[in-house]
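Lettered A, B, C, D and E in written order, each chain numbered from 1.
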Amino acid sequence: MDFSLIGYDPAGAWIKSASTVEELLSYKNSAGISWININGVEPSPDISRLAQAFRIHPLTVEDILDTKQRPKAEEFDDYLFVVLKSVSPGSLESAADEKEFNFEQISLVITRDTVISFQEKPGDYFDGIRKRILNNAGRIRRMGTDYLAWMIMDAVVDEYFVVFDALGAGIEEFEDRAIDQNDRDFIQDIQSIKRNLLRIRRVIWPLRESFAVLSRLESGFISKEVEPFLKDLQDNILRAGEAVETYRELIAGVMEVNLSAVSNRMNNIMKVLTIISTIFIPLTFIVGVYGMNFAHMPELQYPYAYPITWGIMVLIALGMLVYFKRRHWL
Amino acid sequence: MDFSLIGYDPAGAWIKSASTVEELLSYKNSAGISWININGVEPSPDISRLAQAFRIHPLTVEDILDTKQRPKAEEFDDYLFVVLKSVSPGSLESAADEKEFNFEQISLVITRDTVISFQEKPGDYFDGIRKRILNNAGRIRRMGTDYLAWMIMDAVVDEYFVVFDALGAGIEEFEDRAIDQNDRDFIQDIQSIKRNLLRIRRVIWPLRESFAVLSRLESGFISKEVEPFLKDLQDNILRAGEAVETYRELIAGVMEVNLSAVSNRMNNIMKVLTIISTIFIPLTFIVGVYGMNFAHMPELQYPYAYPITWGIMVLIALGMLVYFKRRHWL
Amino acid sequence: MDFSLIGYDPAGAWIKSASTVEELLSYKNSAGISWININGVEPSPDISRLAQAFRIHPLTVEDILDTKQRPKAEEFDDYLFVVLKSVSPGSLESAADEKEFNFEQISLVITRDTVISFQEKPGDYFDGIRKRILNNAGRIRRMGTDYLAWMIMDAVVDEYFVVFDALGAGIEEFEDRAIDQNDRDFIQDIQSIKRNLLRIRRVIWPLRESFAVLSRLESGFISKEVEPFLKDLQDNILRAGEAVETYRELIAGVMEVNLSAVSNRMNNIMKVLTIISTIFIPLTFIVGVYGMNFAHMPELQYPYAYPITWGIMVLIALGMLVYFKRRHWL
Amino acid sequence: MDFSLIGYDPAGAWIKSASTVEELLSYKNSAGISWININGVEPSPDISRLAQAFRIHPLTVEDILDTKQRPKAEEFDDYLFVVLKSVSPGSLESAADEKEFNFEQISLVITRDTVISFQEKPGDYFDGIRKRILNNAGRIRRMGTDYLAWMIMDAVVDEYFVVFDALGAGIEEFEDRAIDQNDRDFIQDIQSIKRNLLRIRRVIWPLRESFAVLSRLESGFISKEVEPFLKDLQDNILRAGEAVETYRELIAGVMEVNLSAVSNRMNNIMKVLTIISTIFIPLTFIVGVYGMNFAHMPELQYPYAYPITWGIMVLIALGMLVYFKRRHWL
Amino acid sequence: MDFSLIGYDPAGAWIKSASTVEELLSYKNSAGISWININGVEPSPDISRLAQAFRIHPLTVEDILDTKQRPKAEEFDDYLFVVLKSVSPGSLESAADEKEFNFEQISLVITRDTVISFQEKPGDYFDGIRKRILNNAGRIRRMGTDYLAWMIMDAVVDEYFVVFDALGAGIEEFEDRAIDQNDRDFIQDIQSIKRNLLRIRRVIWPLRESFAVLSRLESGFISKEVEPFLKDLQDNILRAGEAVETYRELIAGVMEVNLSAVSNRMNNIMKVLTIISTIFIPLTFIVGVYGMNFAHMPELQYPYAYPITWGIMVLIALGMLVYFKRRHWL
């Protein structure tokens, strides 16, 4: 577990790194807004002391520590509690898991003067926000914790669209693979995409409701000035949800193309077999007839019997070919 | 980026073209209603100056510039903001993209005396409205910005039905192609239509809600006189949504016909193969029998053995044919 | 375009036919309830004069003239406006279109003393209602325009169930056709039914909401006495909607039966082919062996080789048959 | 049509059978609760007199007589009107219809002192209730018409679960039939079950809403004491609705098993054909080679050519078998 | 039936086992909170006496005894009544039922000072809670019956996730089995999983609503302090519901993989058959030609005819192989 604190007010901003909660809290005792970021959540006395300092409900602590939480937003007496999940397009280290997306739980405790963010794994999601605070870019230093919380949530939601761009490119590639007949892993890769979409849907869907909950609150944690930003976030999450549904339908379409391609291929194989068989089976019968050893087979003695037989066989073969042509099999 | 301004009041109407925002704003300072149209949205100082002049919220500016927005309607203190998407049936220039529809984002900022419309690409969607204003056709000159905004939105929605007529004709053509067996591109063309429908659905669906939002507003931007027109627009968008769903079901029906046709064809191929094989395989066996070289095969010496064998083979073939007839295979 | 007017009050009823709107309106200027019926809607000065006389909103006129309207109910200051669609089971004149249902738009303008009905095509839907008025059957003459409007809407909705009876009979017939193997038009006829159901659904679905709108109005157009009748109409339209969904599921069931029948047939064809092939292919090999011309083939000289070979072949064939019997292929 | 009346108060209970409505009504003029049961509904003067006596609305009479009604609950000034459908598991008389369930419409008119029940067909559904009244079992005699109505509705809903038990047993049997390959009627029996489920759903679904309507009424027809019973009924109908959905999914699962079994069978047939063909076709070619009559074929004269040929053929056959074994076809 | 009682207050806790209801009730007459647990529900005088003592409504008693109840929460004058279902992953005793999950109905009657829990079968679900009470772990001894009821419900819901872990592992195993061609029980095992999921869904779905009902109550049974815990339970049940839906989709994906694998296998079988057949059928025809016994067949006498024939046949075979290579069949 690893702590960092950013403090800021309209006049300035400072970063502090701490090794104990007490040190961290000592930095906090200043005017302005504080942002405490905690990497790696695990049960520890530090978490308990932090919870005590900010009067965090035991259930909230439990939710922060359990990384299988459902995204949600809850209002407590002293803070807002938001759980959301960030998605990134697969770990770069191991090739085996490459196709699986990475999901990380991010919990926010938003009090009137402090935002505490809990990240499941260390990462650099929020570097952009840190820079904006330190460089005094935009309005961030003049705003409260609600705006900071919005920036964090917005960064997470924006990341979804980065993942979607990767997905979109992947699906276009699948459309080509769908008609390729030697692609043995196709169906399993498709299923892997579908599983990823299912998981993304599970982290996006509840957010629609959570953000709606946030904007409906009348507790004063969200100022009127930040409301349009929250509205915008809601629009983005709706857009993300629709994108997921669209990808699911596109994948279903790719499956249809593949099914149709497989079935066409089967048809073609059957056609070749049928054409070859139906042409040669009757001919083989004819040559079999004149291979019989009956003592009395008058045709065998006719001088032109052999070329005539050939002629008949060629006619039969041509007749078959014309028939297949007519039925559009050739 | 390219600016134009139409001003009008019950007495008259005038068109102005401007190269800078300042020039544009100078034209605006007149009585009556102003309609500013901007072709091609991209971040530029002009946009910022315009935003400042009309007190447009930074989030609105961001939404105008991001052409991947979801259609929506929002109320701000000084204006209504509407995002919608126009659809046109594919670019005429390049044959390759012919099958893909063109989507363009259109943003409207509606203040009490000005409508600002932002078009993603230059186009002539709104020529009809311009002419109506200049020719004083209908009631347009006597109405406010709400009526003008309605006319613009109505023009966009009417365009959907033009696209639907093209789609409807296309689907009828697909119904014929569905039973044609040499149509290799069929399944991919179907998928292209489905993708287009998915995209149209995504631009239509949110409009239902947006227009409902507009008519529920109590801010005074929409006058009581324009309300029935907005209601009508809502009906049209519902109709458009239902049309999309109907096309999706029709496409699914076309796929079913195709699947059934492919399966029937397979059946027919198998039937031909089976009929030819089952008739000739036993006959070939018989002629094989009398092709054996055993020293002691009494039949070989019978004078009528050969014609009798032929007779038996003809009987077997006829028997087979009768059997197939009975099973309705012929 | 063709006008007729029925006037009635508790004391009497009279029918007038008019060639101009002015003549029509002159008949109207009497006490009691008037019902104006107009066959064939097209833009004309007559419509405009009528609209002016009854203070009909331009948008309503537009909706009446556009026969692609979505069913709806709207309240205006001076009247209620209802659009609905009647369905009849296909034109009798041309055999080609026989399978397509006929849809006709019927618009009602309901003022406090007049009902104006607009029919897309001339027809005799409302003859029954006319007779009830003239014969003073039931309560009609004692009631207001709301009751008359209900009778008209009820007549249209009742017609749906006539169409459903035809559909139900048709679907039963399809259940028989689904297992017939020579029915080439089956899949296309099914699709035609499905298209019709889609279209019916589109005209029924919005009515549920429309009728609910009518009963929720507090404008005084609908009297308390007529409310139960409207409630009944709502029940009927719900029933109609459920019937459509049921027919769609039945059609899906018929498709499943057909798919299963096709697949069974394929199985049977494959079985016959496989049985014949697997019996005769080994036998043909055996007879081929003794057709070889090797100088040294001792079996050929054995006196009983030929009947022994026959015996072996019969045993192989019987073994195969037993095997197929065991696998339930025969 | 056949009338009966049960009257009861806390002190006693009596049954009367009447041949005319007048006689029936004379029995009714007593203190306490009356329950009038009418078997077989058809338009008749009796119905009209009854309607007049209890001030039943003409629309209610129409609904009672039309046995195609949708289940519903309606409140009128003088009574509650409830339509529901009972289901029984098929007529015992004719074996042909055995698979089709019997649906019967039951209408209840509930006034403050009388319940009138209309049964479509004579039956003994309500014998249990009659006995409870006569034997003074439970609380029935101390309660009002609302409790009696609940008992009747509860008896009808309980009957659904009897039907479900039969259905559940039937579906288990189908699971065995799904993998049986000679079951030609399977698909049609499945469709018959599906049709029954569709019909049951249509009679259950609207009841959820109807019972909710009843408990939301504030008219005093339903006493506070009976409310928990109505709540219980609502739970039962929800449970019934869920059971229907579960059966539909189970049937879909049975179809999947069947599809998979058919496809496995096809695979097996193809495997046998392919194994036999691919082993013997090359061998038949080899024996054909040495059946040729060329004057110069050196092999034919070698003394060991024949056994060597046999050896080669055995090797080829073994090689093929090993290949099939490797591909898991054997 | 078997009774036990745990009593506790902030100062202490005690367990009592009783053989009669009277004895049980005598233990109860103490200060603090009582928890009565009853294993095995069946109609008996004990249940009646208990119901009388706690003034439990006859309908509640009926619901407790009927183990086919739908999960629900109801408020009565003197108590809350909650029905829920616990799930465990199959009986360990008999291997045959191993695949079916065990469902058990648990009913809770929550009064102000007593919780009565009814378990369908004896079990040790609640041992953890008992220990917490006796060891005074956490806040349990300081809280009321609402907190105890929450602990019981939470224990049941937590058990769902244990079952889900087993399910998740099972589905991963299915993904491997889906492409295995000799897995005859695959489809039936899948159906068994689906049936289990259907049943779990039926017990989870209604809980969402039940818990919402509990938190909306204003009767004072649920204290403000326990509300966040109930909220957390609601989140868990939502998560459980989503997990079920996800498993259903994963199972559908596994079916798709299986279908695709079966179809690929069929394709491969057909390919092998077609390749062997189309190569050897023409060659067999050629050797048949020179097996004919015509008196005049000049080729037969050419000295190099035999090797030339071989050459032609090799060329044909190679040509075929090249053709198949080009079509990617090899």
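In this text, a residue touches a chain if its C-beta (ideal position, glycine included) is under 8 Å from a C-beta of that chain, and two chains touch if they have at least 3 such contacts.
Predicted model only: the values in this text are computed from it and were never measured.
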{"item": "Centre-of-Cα separation between chain C and chain A, whole angstrom", "value": "41"}
{"item": "Approximate Å spacing (C-alpha centroids) for the pair chain B, chain C", "value": "25"}
{"item": "Of all residues in chain C, the ones touching two or more other chains", "value": "266, 270, 273, 277, 281, 284, 288, 291-293, 297"}
{"item": "Overall pattern in which the protein chains touch one another (line/ring/star/complete/other)", "value": "ring"}
{"item": "Ring of chains, enumerated from chain C in the sense that reaches chain D first", "value": "C, D, E, A, B"}
{"item": "Residue numbers on chain D that touch chain C, as the complex places them", "value": "57, 59, 62-63, 68-70, 72, 74, 76, 181-182, 184, 187-188, 191, 194-195, 198-199, 202, 205-206, 255, 258, 262, 265-266, 268-270, 272-273, 276-277, 280-281, 283-284, 287-288, 290-293, 297, 299-306, 309"}
{"item": "Touching residues (chain side chain B, partner chain C) in the complex", "value": "175, 228-229, 231-232, 235, 238-239, 242, 246, 249-250, 253, 256-257, 260-261, 263-264, 266-267, 270-271, 273-274, 277-278, 281-282, 284-285, 288-289, 291-297, 327-329"}
